[in-house]
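Take a look at the structure below.
Order of writing sets the chain letters: A, B, C and D. Residues in each chain are counted from 1.
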Amino acid sequence: MYLDIVSIHILNITRGILMIIGVIGTSNCTSEIGNLAEEIGRGIAKAGATLVCGGLGGVMEYACKGAKSEGGTTLGILPGMDKNDANDYVDIPIVTGLSIARNLIIVHTADALIAVSGGYGTLSEIAFALNVGKPVIALHTWVLEDAGKVDDELFLRVEDPKTAVELAIKMGELKN
Amino acid sequence: MYLDIVSIHILNITRGILMIIGVIGTSNCTSEIGNLAEEIGRGIAKAGATLVCGGLGGVMEYACKGAKSEGGTTLGILPGMDKNDANDYVDIPIVTGLSIARNLIIVHTADALIAVSGGYGTLSEIAFALNVGKPVIALHTWVLEDAGKVDDELFLRVEDPKTAVELAIKMGELKN
Amino acid sequence: MYLDIVSIHILNITRGILMIIGVIGTSNCTSEIGNLAEEIGRGIAKAGATLVCGGLGGVMEYACKGAKSEGGTTLGILPGMDKNDANDYVDIPIVTGLSIARNLIIVHTADALIAVSGGYGTLSEIAFALNVGKPVIALHTWVLEDAGKVDDELFLRVEDPKTAVELAIKMGELKN
Amino acid sequence: MYLDIVSIHILNITRGILMIIGVIGTSNCTSEIGNLAEEIGRGIAKAGATLVCGGLGGVMEYACKGAKSEGGTTLGILPGMDKNDANDYVDIPIVTGLSIARNLIIVHTADALIAVSGGYGTLSEIAFALNVGKPVIALHTWVLEDAGKVDDELFLRVEDPKTAVELAIKMGELKN
């Protein structure tokens, strides 16, 4: 863990700003989806990237838990006005008071996003991401390409958490 | 036209607040899609409802033009900081300075929405609408039901502008 | 009243977009301050301008009531997610779901603002207005010029509602 | 520096979430004001707190520079859509795309704020902070108590950076 901290700080010095990967998904999820989210969180932390999410429960909490288990840093962009709404694995709660408009801040802040399962809220985040040209890695989520014309260089479907993280980091690097 | 003004004001007195129907769609559209949007705008005005949209060009402008041709009232929720960004058929420009976050205000302000064609921005508005329980009438737009689980009492596909307006008004009334 | 409607529509055709005057002030006010706000609302409507405010009670409600008594049009930019939060004199509720961030939309939407009494919320709106170069007419409100450097061409102190409206219309015209 | 990292992480484990102190002030400042901001940034980092600011130049940059010189963590809540707008001393750029509405996120995210000098933007942040009950420590900024009724338990005037930080930390602890 010591080495992790050092490597992050070295990365920080080298790059100026760390890569930030967003994880989006429902606040109500099955433990199966939760396990995927947790593995994604672990992968993001291992890659030396910072995790940003909506800071609440479900996919967000599992992802943060995974990131913290590997000594990563987690940002929670909260919809309400109380930082205590954040799940226990959020290091830095960003309190917006903007309700679901905070979804856009997650999208803008991330270099690339991973969508895991999710409902309408996740769909809106995916759409906003594509709208502003941010890559989205899709794992067990909306099959957008069946619903209309989607840029397949921005919306990438994967089948497992490991590939999701690898692709997100790769796409995020292209954005930096 | 005189009678229209009087009838609107009578409606206003009767109901307290007029019904507001949102029209969402791309700022770049073909004239074919534009004609659909214009007919939708006309229908909304004829039904005595107020039209709300993003206030810019394309589908938004055609819809406003249609509404004004029938003496309707049009609201444009603008993303920038200058009311002069509004198209020529916007009566009341609401200037947000919030960029694409203004999409949420369109959704919250409308009693029901009609999506006409559209890209990622329209998709995000559809998703936000469904997320907050606002009905969306879909005309030549994303086939969301092919992409995931969608509530078919909120997301209603239609094939022509007339049915779109009728359903939007009906759904909007259920919300009031 | 008939003539008022006609003159507004003529103005509308001539100018494209009507002038919009913002009224800002506390949701808890004395009847004395309320009377001032109501007179301001009447004056705005008589001048053929549209009134925009936060749509809730106190100064906002009195101002809307005054405007409606003269056949004016009132916009309420609401902080919550329910249009029924609007006071009874709001014609067009704009539902933002953005909490106090809606204050900025009032400022951006108005061509000029009149501040009547008010607490911290009103102060923030005054500050935002000055920040984006919108004129503020001050009636029984913060004596900002005693607190720091203030542009006296943007922040104008008046002693009565009639002068407040006259100045707001004049300043608003300079902005158009 | 090693010890600092360790102590921060211990604090993190103990408290769940680190204290966050906001620094607000103009993006155009004299070097004299800049030196005050830098000393404030150093003080915040030494106290083990995280610094949040608007992420741009002037007071924001000086404060971040000070915090980084003591191994602190800095958050920049950016108004635009590009993380590269952040000054060189921002560790974590939060990209909002919300223009000046991002000021509210700074206020909501901080446990207490220090205002250093500043113009209308800073005034609006002070007003928003007081509006939501967040303490503001005032150093060479608006003399609000001369402009209207101000809660002297929330708006505290100080004469030097050291006292500013001490009071901010103390007030922030009361909020936690």
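In this text, a contact is a pair of C-beta atoms (placed from the backbone, for glycine too) under 8 Å apart; a residue touches a chain by one contact, two chains touch by 3 or more.
These numbers come from a predicted model, not from an experiment.
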Angular offset of subunit A relative to subunit D [C-alpha, multiple of 5 degrees]: 180
Chain whose Cα centroid lies at the greatest distance from that of subunit C: A
Rounded Å distance between subunit B and subunit C, as computed from the means of their C-alpha atoms: 26
Chain centre separation in whole Å, for subunit D relative to subunit B (CA means): 41
Set of subunit D residues in contact with two or more other chains: 81, 97-98, 100-101, 104, 132
Graph class of chain-chain contacts, one of line, ring, star, complete, other: complete
Complex interface listing, subunit C residues touching subunit A: 81, 97-101
Subunit D partner contacts - residues on subunit C that touch it in the complex: 98, 100-101, 104, 119-121, 123-124, 126-128, 130-132, 141-149
Residue ranges of subunit B in contact with subunit C within the complex: 5, 9, 12, 16-18, 20, 50, 73, 75, 77, 81, 83, 86, 88, 90-98, 101, 104-105, 108-109, 132
